[in-house]
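This is the structure, below, for whatever I ask next.
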Amino acid sequence: MSPPLVRLRGVYKRFGPVVALDGADFELAAGEIHGLLGENGAGKTTLMNVLAGLYRADAGDLEVLGRPVSIREPRDAVQLGVGMVHQHFELVGHFTALENVILGREGSAWLRPDRLRREVEALMERVGLAVPLDRRVRDLPVGVQQKVEILKALYRGARVLILDEPTTLLTPQEVDALLASLRTLVEAGVSVVFITHKLHEVLRSCDRVTVMRRGRRVVTVDRREADPVRLVEWMVGTAPPPPPAREATRPGSPVLELEAVRVVDERGVAVLDGCSLVVREGELVGVAGVSGNGQQALAAVVAGTARPAAGVLRIRGRPAERHGVLDRMRAGVLTIPEDRLRDGILPRMSVAENVVLGRHRLYFPGVRYDPETSRRLARHAIEEFRIVCPGPDAAAGQLSGGNLQRLIAARVFDAAREREARLLVAHNPTRGLDVPSTEFLHARLVEFCAKGGAVLLISEDLDELLKLADRIGVLYRGRVVAEFAREQFDRYAIGRAMTGGVPA
Amino acid sequence: ARPRMAMILPGVIQDADFNAVGYQALKEVQSTTGVQTAHSEQVAVADAERVAREYLGAGYSIVAFHGGQYLTIVQKLAPLFPDATFIMESAGQIPNLPANVWNIGRKFYEGFYVLGVLGALGTRSNKVGYIAGIRLPDFVASLNAVFQAVGKYNPRAEVLYTFVGDQNDPVKARQAAESQIAAGVDFIVISVNLGTVGVIEAARAARRPVLLTTFYTDKSSYAPQHFTTSLVSNFGKPYVEVVRQILAGRRSGYYEMRPGAGFGLTPPRNVPPEVSRRVQEVWRAVVLRQERIEEVTDRIVERR
Amino acid sequence: MSWELFLDPSLFRLAVAMSVPLVLASAGEILMERSGLLNVAIEGMVTLGAAAAFLASFAAGSTGLGLLAAALSGVVVAVVFAHYAVAWRQEQVTVGLTLYVLCLGLSSLLYRVVVGVRLTPPRVETLQPLLLPGVGRLPLVGEVLFSQHALVYLSAAVVAGVHLVLFRTSLGLRLRAAGENPVAADTVGVDVFRLRKAAAAAGGALVGLAGASLPFTLTGTFTEGIAGGRGWIALMLVIFGRWTPAGAAAGALLFAYVEALQFKLAMVSRAVPPQFLQMLPYAFAVAVLVRAYRGARAPEALGKPYHREARA
Amino acid sequence: MTTEAAARGRWQVVWPYAGALAIALVLLAALVAMLGGDASQALAGLVRASLGSGAGLGQTLNKTTPLLLGSLAVILGLRGGVFNIGVDGQIYAGAVAATGAAFLLWTAPKAAVLPVVLLAGLAGGAVWGSLPGVLRARLGVSEIFVTVMLNFVAVFLVEYLSTGPWNDPTAGEAITRAIPPEATLPYLWPRAGAHAGILLALAAAVGVWWLLFRTVFGYELRAAGDNPSAALLGGVPVRRAVGVALVASGGLAGLAGAVEVSGFHYRLILGLSPGYGMMAILIAVLSRRHPVLAVPAAMGFAALLVGTDSLQRSVGLPSSAVFVVQAVVLLVLLAAEGVRRGAP
């Protein structure tokens, strides 16, 4: 048997105390699409980053076509023909698509845009991917940005293309198109590593599958030997717990009402435009949509960090357009931000100081701030929410992603108990979380609704919405273009709405 | 024991300027009176009190401050150290000084009057420039004296002046000089210290000949074609006199430094001989107080 | 006061000459900032460049060596800065301020060590105006633009050169990518670390030359505080020019014009105390900056250390 | 964490400081030797001048006062996420306001004069900090640049006042008339010339510590400085907090100016702040932005300043050498920290 195209053996990598890879093995055969599965934190991305030269392994061997190689830098990987499309894309937003594709492989000291354009156009034709080369990347839809990323890798002559969760940001139609084009690439001689959480995608498109768990390979199997039940078992060890039963709710009075709300960002673009939405007591309303269709603005306008330029926004029946974050908090609005590192955490301050953020005025109504009170609350939160950390005085920035999210959850749900919070805005609350953490958070959301709270769940994970929501609104170009009640839930109908095809 | 004397100077002693002449004075005191001397240069006002205390603690009985900015320190320390004698400089006689303080008053304006006369007679464009740094009373008085001189000796001539805001910034001084030269000035009375080099460069780069005067030391070697004269300051004269008096037991007093008593004029160059002769006549008249010069320190009085 | 005062050709001539240190320093800073390095030490580097230029030419008697020494001093400081910022990922403003203080101290210390204690401050020959053949004698334009000293022409060439490198070469593309999104650059094999250090070195050389222009074109000597805030102004001009050398150069001319105007005004407006006129350029700079900030977009990774294994 | 690990952690913090100090001393000795002096004698003189004699210690305390207040001002800004490089200008603004108040208050009851003068200094500095504060809070304009520009403006303002309306004509320098005796700070240690300003500065250090770590405002300020967008979502009025940080920072620096006037110079004077603002930044970084640690750091810098000033006389070390030594100390510390962080 000929040696595999790429072989990774006994790769070991730790980040401070976290062992991300614990002797992981992986083989990629030439001309295959190889699915890489594993729950959050299993080490999929880390392993591929090692192959792509972005991370340096602490131990382990790399072989390409049977020959040992050393990849110390991304440059080495590029030279060996390894290209990686990262989960959150690594594009220069202010460069054009062309500039992004040719970056690092311009061919001459003086830029020769015309010649480079011809080369890239030829490549696009060959692999059947077309993007507008002169547009700024940040103005392109994510699906197109992804194509730019793939072109980038291919332009560098990648024989190995690693795609890290390429489908999370795409509509079902775009996913179909991507999977189809992967086949074309394989025929053109490229081998593909395909990281995903979605079993049906793996079963549909991959030749072989590797499942990882806790930094090691569990198994590599042929597609024919895999079925959903066994895959999940390999991934989590046991069968997944059943989803929480959502009782049919009797919605109460409206908590959040948006009528034709318009929000304009700093560039003058209307990111929300005529958005209308109602969330009632005891109701969990999901917002689906391809990211970049106004989700951030929606979260911001409800949380109070953005002001509507037009329209009506009522909270518990009272107009709240002019209100800031603090007023919203007083009215019982809670937020789980999309980007926890950017919007949720004070990294250099302690866990205790992070736990009280947002509630500090409640606990400390006067002038004095009492660190002992914060520590007490933090110890309580650490215990109840099983936050893994050295203690209340540890800097929050040292915590792992899941623990950060638990910290934020502790902050939010604890406050809910104490103040009878009315509305929770959660934006991608489980992104990057492992299964237990996700289940934990889902249970909390359900519990919150059961107590009469209203939840606005903005999520890019359609499965999550289908599982939890009473209603799903689809956000497209800054407005809710369609709403589905639970009994109308249909993956493809919702997906069509997400791409602008409003159902009849 | 022989008394020992220390001097505190605001800048470096090799500045060929205000601090250099202070240091020379100290050397002269040592060589003529035999008093042992020491000095501290580049002492910021914020450090001067400590430096003075160190000298006093080390047994120095005469402490001199080269400059008026140390006034507070003298007023503070003199009563605390009644056995020591302090010397300080100022623009004029300071009232109510403690009984162990000698005061040297510097009357620059009388000298600048003569520089103004040279400007009035030496300019061909009938535009005399005056470049100063900080708008100190000394320099205001000197500018007023230049106005008086030009008004009297060449009523058709005009005086253009600039305060650049810093005595030691040659870049700013050069910019000011360029502006003046562009406005037609061909004779500049310099009243900045290190800024002088900037004025020299402007004069060199000028398309028409530009004449310069300076003060404190003779700087004609810097730019032999441009310098005419310098109002040289010999602080040795007042300092030696004051130290002699202290040695004789007079612990306080006032010495006025003026043309003939500390200030001298180098023979004007680069001007017609009759101009040079005339200016030296005026100088002698000023020394003998035969020329009426008004001292105005608080405002600029322009007259034609 | 008449309009002629504001349009006096001598004013423009002086403004062009005085803009040289600003143009060179801001062009250098642009190179660094485009690569993602925010170097606030440039006021100190300009001072050190002035000292190095003066001392080298004083000791060796050659203006060329002086320019070389100034550029070299800028390179050394900038590379030290880059090492702290890139390899050790220290907060760039902190490192910049520390180096700023170091440069100020080092400048006077070197002066003292080399020149020693002497009675007259030594001077070096300044560059004399160089009439460009043909255009030099043109009325007005000739006087304002084409009969200046060599560094004026050099700084014009630097502006054009930096512009070309940044926007017309693959090196420039990579450099800008490093400043916008270092991960993106790194993953395609661009050596972000080396590129940032190289940008720092090249920019540092220009900042050093900016310092050299002070003794070589204006004063013929080195004095403490010779930079007089020009480094800080250059930092502002980078924003004003939206991180383009030509834009910053336009701002430099404007600032130098206001600076020169201040001295003109000082000769005619007797009523205003001179100190208030002296505040003018700085107040003007703040006012201009406030305007320039609207819609200005800094390189996205400016001032942020790049760490490959840091979680995004 | 085990106690053993805690102890190791503490040593890891301490050794770079010890190393930096050692390097500073070696550097100083080398400079002295280069200038032809006797290094050991010079270093002994340094210690004697700064700490080993009454007058030296007194003056070290006097120097500590503006450095400590200035570094507290920087720390307050840094904790709120802003770089206040305008401490020098704010010191001058505070000195102007204090001097003005002292001149205007000649009819006031004597006991009220000093407090009002000090408060005026605080207010003057705060006003000077408010322009960058407002520009930063409202328009997002970089405070680094605005504060530096205002340093220049402040110096010209002082020059105007000290040579113009408030000038003392007899001195012939850029100094104002003396303030009345009741506006002056009492001596703490008359023989050594140490004034009571150091007590104010120490109180300010404790006050800043209390403000930062024991008040809700301080909590919000630190949150805003640590991560503005998270703080904003947590209900912290970030822009206001950051603006207020600059104003308060200016106020502390202004107090330093007032103390220099009423405790040391008894007048407004050009050159009142020989670069205290820059040293304050270095001290703030050295003390890891902690107001209590700023006390020993400021004191150490003051001793170094006073001590090296004596070297100027004994071996001709120029005053600028102090800057070099201080900056090198900091660079060594930053390098030690950087090396520990390891490779990219």
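Per-chain numbering from 1; labels A, B, C and D assigned in written order.
The working rule: a contact is a pair of C-beta atoms (placed from the backbone, for glycine too) under 8 Å apart; a residue touches a chain by one contact, two chains touch by 3 or more.
Being a predicted model, the structure only gives us computed values, none of them experimental.
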{"item": "Chain whose mean Cα position lies farthest from chain B", "value": "A"}
{"item": "Separation of mean Cα positions, chain D and chain A [Å, integer]", "value": "47"}
{"item": "Between chain B and chain D, centroid-to-centroid distance (C-alpha), Å", "value": "35"}
{"item": "Centroid distance [mean C-alpha coordinates] between chain B and chain A, Å", "value": "75"}
{"item": "Computed distance of Cα centres, chain D from chain C, in Å", "value": "29"}
{"item": "Numbers and ranges of chain A residues touching at least 2 other chains", "value": "none"}
{"item": "Touching two or more other chains - residue numbers and ranges from chain C", "value": "117, 224, 273, 275, 278, 308"}
{"item": "Touching two or more other chains - residue numbers and ranges from chain D", "value": "156, 159-160, 164, 318-319"}
{"item": "Listing of all chain pairs that touch each other, if any do", "value": "A-C, A-D, B-C, B-D, C-D"}
{"item": "Residue numbers on chain C that touch chain D, as the complex places them", "value": "40, 80, 84, 86-90, 93-95, 97-102, 104-109, 112-113, 117, 193, 224, 229, 232, 235-236, 239, 273, 275-276, 278-279, 282-283, 285-286, 289-290, 293-294, 306-308"}
{"item": "Residue ranges of chain B touching chain D (in the complex, touch as defined)", "value": "38, 40-42, 44-47, 49-51, 53-54, 57, 67-69, 71-72, 75-76, 80, 89-95, 106, 134-138, 165, 297-298"}
{"item": "Touching residues (chain side chain A, partner chain D) in the complex", "value": "303, 305, 324-326, 329, 335, 337, 342-349, 353, 357-358, 360-361, 364, 366-371, 390"}
{"item": "Footprint of chain C on chain A - complex, ascending", "value": "15, 52, 54-56, 73-75, 77-79, 84, 86, 88, 90-95, 99-100, 102-111, 152, 156, 341, 401"}
{"item": "Interface residues, chain B side, partner chain C - complex", "value": "12-16, 20, 135, 160-165, 168-172, 174-176, 178-180, 182-183, 194, 197-198, 200-201, 204-205, 219, 221-222, 300, 302"}
